[in-house]
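Scrolling down, you'll hit the structures one after another.
The two complexes that follow have chain A in common; it is paired with chain B in the first and with chain C in the second.
Presenting the complex of A and B:
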């Protein structure tokens, strides 16, 4: 579902678009799982093109962070949406993984 | 835009007003207590203002929110003992409360109000009065614990919480499940963020990752998020705002701040860090859910021993519940219906008495009554809600006026219907203001009067006789009735005559007169033209009354009497026409029944108003049938034989057999109907405020507890009706509004009082009235006999009457008394058959004769003006009117003569009408006698010149136009009495020859001798016509003999 912007070493930046909701969250999880299983430890998800994330979508970030953290990797989320960044802050996600506000 | 009608806003306004109502009072108490604060009370005030602020924030009421916030800060400092509630602080708070109230009541524009001034006031008060508190201890960590002992958060900076709380925020632990609370409601986390952000600040939070797997397992169905949240909202509002059940919002006890000392042994039993195994959010106490008690984890090591703070339940354990008044009203209505149903059931059960049915009915009866009481209670409020604002009013007002007043309040707990409570606020405020403004004197004056410089106002509520009395008494100057009178005179409210007649009590009542304000100077306190009349009107509207008791220099007590409730009223059920009506008991002062035989005499008419003389007072009467425009119906109940007979006659007449009577022509149709119906009269004496009047109804039933139902809108103009109710038999009865009826008919009491005076004055003028025995053979026909003519009255049995040769004779004391029946000689109805008769005995020409009368009515002082035309016939001299009834006066001589002409054949009669000497001068001040004597003298062929007193007679005598042959004079007369007249005549050579006959009731031997000395020729006792005529004839003849002028018959007699 997401366009792989680039893969360097064990890093990957994903650039999904549209929605991350109950409809496709599991598909996104599978995709992330495959990436992690392929040895990738640093995942950056750019949400600039995502216009909607629901609770299921949010869960993806949690499980992703959990998985990466367990393997010694890390998750970075980039978004130009201020509210989304604030939500992540409110939920203290930013204490666990990087939430980057892009311009 | 703030919509006033929005349910939320409406309930906010209501709540805010309730808060503010208590606020003032509490602040005053707090102020009084000074540094020695009552923590409970401060907390209560704090909570009130806090939730007011919170809700304001929720509704976007910015100005209210920020001012309330500031007030809350101040209160917070007070309860932390960081600020002493001096009067300056209290003032600032009170002024803030005023501003808040203003804004609350004009909620639409509240956001435009600039509250800076008040905020500054509060801040200044705070900084000036604040006592520096130890603050270093604030740098401490606390754990937020749960009731079960688990922790929701650890290592929260106490300072941070305090900071939030200082700013007026409340701290909550809020738990949200991202699926049940967000996802399932078709919301996104962003929506949640927006909401949360709007209503407060997240102090700390965490996502419970328990139950959330990694990428290789299914995505979770539950994500529990817990936050420590600072918000200004009340728990319920916060839950609603964020969109979670209220159970997931836990308020962190604010008492943490009042109890800084580490609270000791309670060790935290859980840690946030723990990866607990909760699978789903637990609704009841989600905070608990993340730290199950079953899995104790040792606490994190800390530098400071943490305080343990117990969150209070989100819905504090309260015994009160806020219920929409409409729901209560509906319950009330249903209870009313139930009562009606119960009444029907009871009636039905008593009619078809079966034991089982009866016991069921009784059970239902009991339960219904209890249910009704309970529901009634839901509407009851303590009167304290009204009283609470008065200390503030008295405080402010007295300082404004430079007076010292102390208000004591008693009976705050007395409960009354909400409607009444709401309605009496303004009137009571006015009365209290009056007491301070007009009642209590300034300290200097008080000192002069040797009173303590501080005045006392006592406000007291108590139960009495099923009503609630509220008394407001002051020890002030009292009300000066004389000054009131002056003022009233000045303003043309009363006339000087009225003023002179007024008692102190009546004068004091003047304060209730519209537009009457006693304030010497129109202050901004009172005297604004909205006076006591409005107070009275308002109180009367809810069925209450106002009484004033005052003494100059000592004080004034005003007692307001109010009903407990308006919804269910004990009422008297009555019938008028074919319909039944109810009158609330509170309006009824007594019931009066007037027997049919007394109706004619007891009911009088003044200025076209029927009045009842009840214990010396005149009571205006209203026929309910007239007021409502329905036909009243006579209820034919047999009481005893005598009355029954009369009634039978009435019935006959009503069937249309009534012969045309002269009397009938004189009366209006209405009067006829009234008299036709006039069996016994049932009069309900009702009071509406100061006003009493009698309501004549057809029949009285029982007292019932009735449920008041409002009338439809289309009937709202029916001023006579206050509502409707359903009776036990299912029929509707209308509830009468006694005040409405009075105003509808324009009953004005003062007029009646005036009329009473007029009447009393008229009554006192004896010369204008004549004592007359009034009797009736028929309820519609009244006859009168001057009491002077009556020698006695006998009550006899019908069996004592014998008929001898067509002449009824009463066997009586061994002899027989001839009886007269009026109907035999005059055109009138015969007396009805009866077992007992009254016989009026006269003495005529030395013989006794009895007149049969069936019903003696009364001895009345009748006006002496006699109509000698309308009813003039044999035996009837004329008629007079009393109480709109024509009373025919009987000429007993003529009547006797008609019956027994043979008795009178001996009497000499004059023959020549041309004879100048037959002109008689007659002096008599009683116009009744003047007329009667004049009449019979004229009928005997004499010419009579009648004069009203001796002086006029004397003047007339000297008028050369008249040539008199004889003088007849009364003795007792104004201006010149009969003796003087006689003396003048006898000492004047011109008239000394005239015979003078004195007619008097003064017939003692001394009097006669005295008269004889003067030269009076003859004495006649008032009033034996026969004897008088004989005397006149005798003296005229003697005079003619002297002068040698004799009539033919006289010559003839002399020859013989």
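Presenting the complex of A and C:
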């Protein structure tokens, strides 16, 4: 469901679009876990084209973070959407992985 | 099934209990909020709709497309109310606290509903939730 905009060594940047919600969260989770399984250790998810994430979508981010951290990797989330950045803050995700507000 | 009826106070939605219909309901609601110039944070209201519908579809209806979830939206001069009802046995709201663990996969929905709303009330059985969000009064500081 995401456009892969770049793969370098063990890093990848993903550009999902639309919504990350209960209707597609399982698909997104599978995509991320397959990347980690393939050896990717640094995942950057650019949410500039995402306008909504619900509780099921949020769970995917914490699963991805936990899976990467267990392998010594890390997750970074980028968004220019103040509401989404605040949502990640309310869920205290920014205490555990990087949530970057882009211009 | 996905039916919307407009009325003087807002609208009523009846839909089959599917995850895809929650996205359709959110799309309709987002458009409704813009067209009716609802003066509060639209993202907050959409989260409230989504999480209440998600509970009704998954917990209240077991994501069974033969079951129907109802939602009524009523807008007044100072608040908007979302009432969501499912055909399930009811949510044990008396025992549930809006608490979540950051590393747990579940439990965020209820916490989000409390964070983004001004009031949440259930019927006795627990299969209907009424969520209230205050509107910003034009001219009020």
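Methods note: the second predicted complex is superposed on the first by the 103 of 103 C-alpha atoms of A that agree within 3 Å, B and C clash if a C-alpha of one lies under 4 Å from a C-alpha of the other, contacts with A are read in each partner's own complex, and residues count from 1 in each chain.
Here is the rule we use: a contact is a pair of C-beta atoms (placed from the backbone, for glycine too) under 8 Å apart; a residue touches a chain by one contact, two chains touch by 3 or more.
Please read all numbers here as calculations on a predicted model, not as lab measurements.
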item: Overlay on chain A: chain C relative to chain B, clash or fit; value: clash
item: Which of chain B and chain C A:100 touches, first, second, both or neither; value: neither
item: Which superposed partner A:54 touches (first chain B, second chain C, both, neither); value: both
item: Chain B versus chain C as contact partner of A:64, first or second or both or neither; value: first
item: Partner chain(s) touched by A:92 [first = chain B, second = chain C, both, neither]; value: both
item: First (chain B), second (chain C), both or neither touched by A:23; value: second
item: First (chain B), second (chain C), both or neither touched by A:83; value: both
item: Contacts of A:33 with chain B and chain C, given as first, second, both or neither; value: first
item: Chain B or chain C, by number of chain A residues touched; value: B
item: Chain C collision site on chain B, chosen from 60-68, 78-86, 114-122 or 204-212, when both complexes are overlaid on chain A; value: 204-212
item: Overlapping contact positions on chain A, where the chain C interface meets the chain B interface; value: 22, 52, 54-56, 58-59, 62-63, 66, 83, 87, 90-93
item: Residues of chain A touching chain B in the complex; value: 22, 25-26, 29, 32-33, 36, 52-56, 58-60, 62-64, 66-67, 70, 83-84, 86-87, 90-93
item: In the complex with chain C, residue positions of chain A that touch it; value: 19, 21-23, 52, 54-56, 58-59, 62-63, 66, 83, 87, 90-93, 95-96
item: Of all residues in chain B, those that touch chain A in their complex; value: 178-179, 182-183, 188-190, 192-194, 196-197, 202, 204-207, 209, 212-220, 223, 225, 227
item: Touching residues on chain C, where the partner in the complex is chain A; value: 19-20, 22-23, 26, 41, 43, 46-47, 50-51, 54, 57-58, 100, 102-106, 108-109, 112, 115
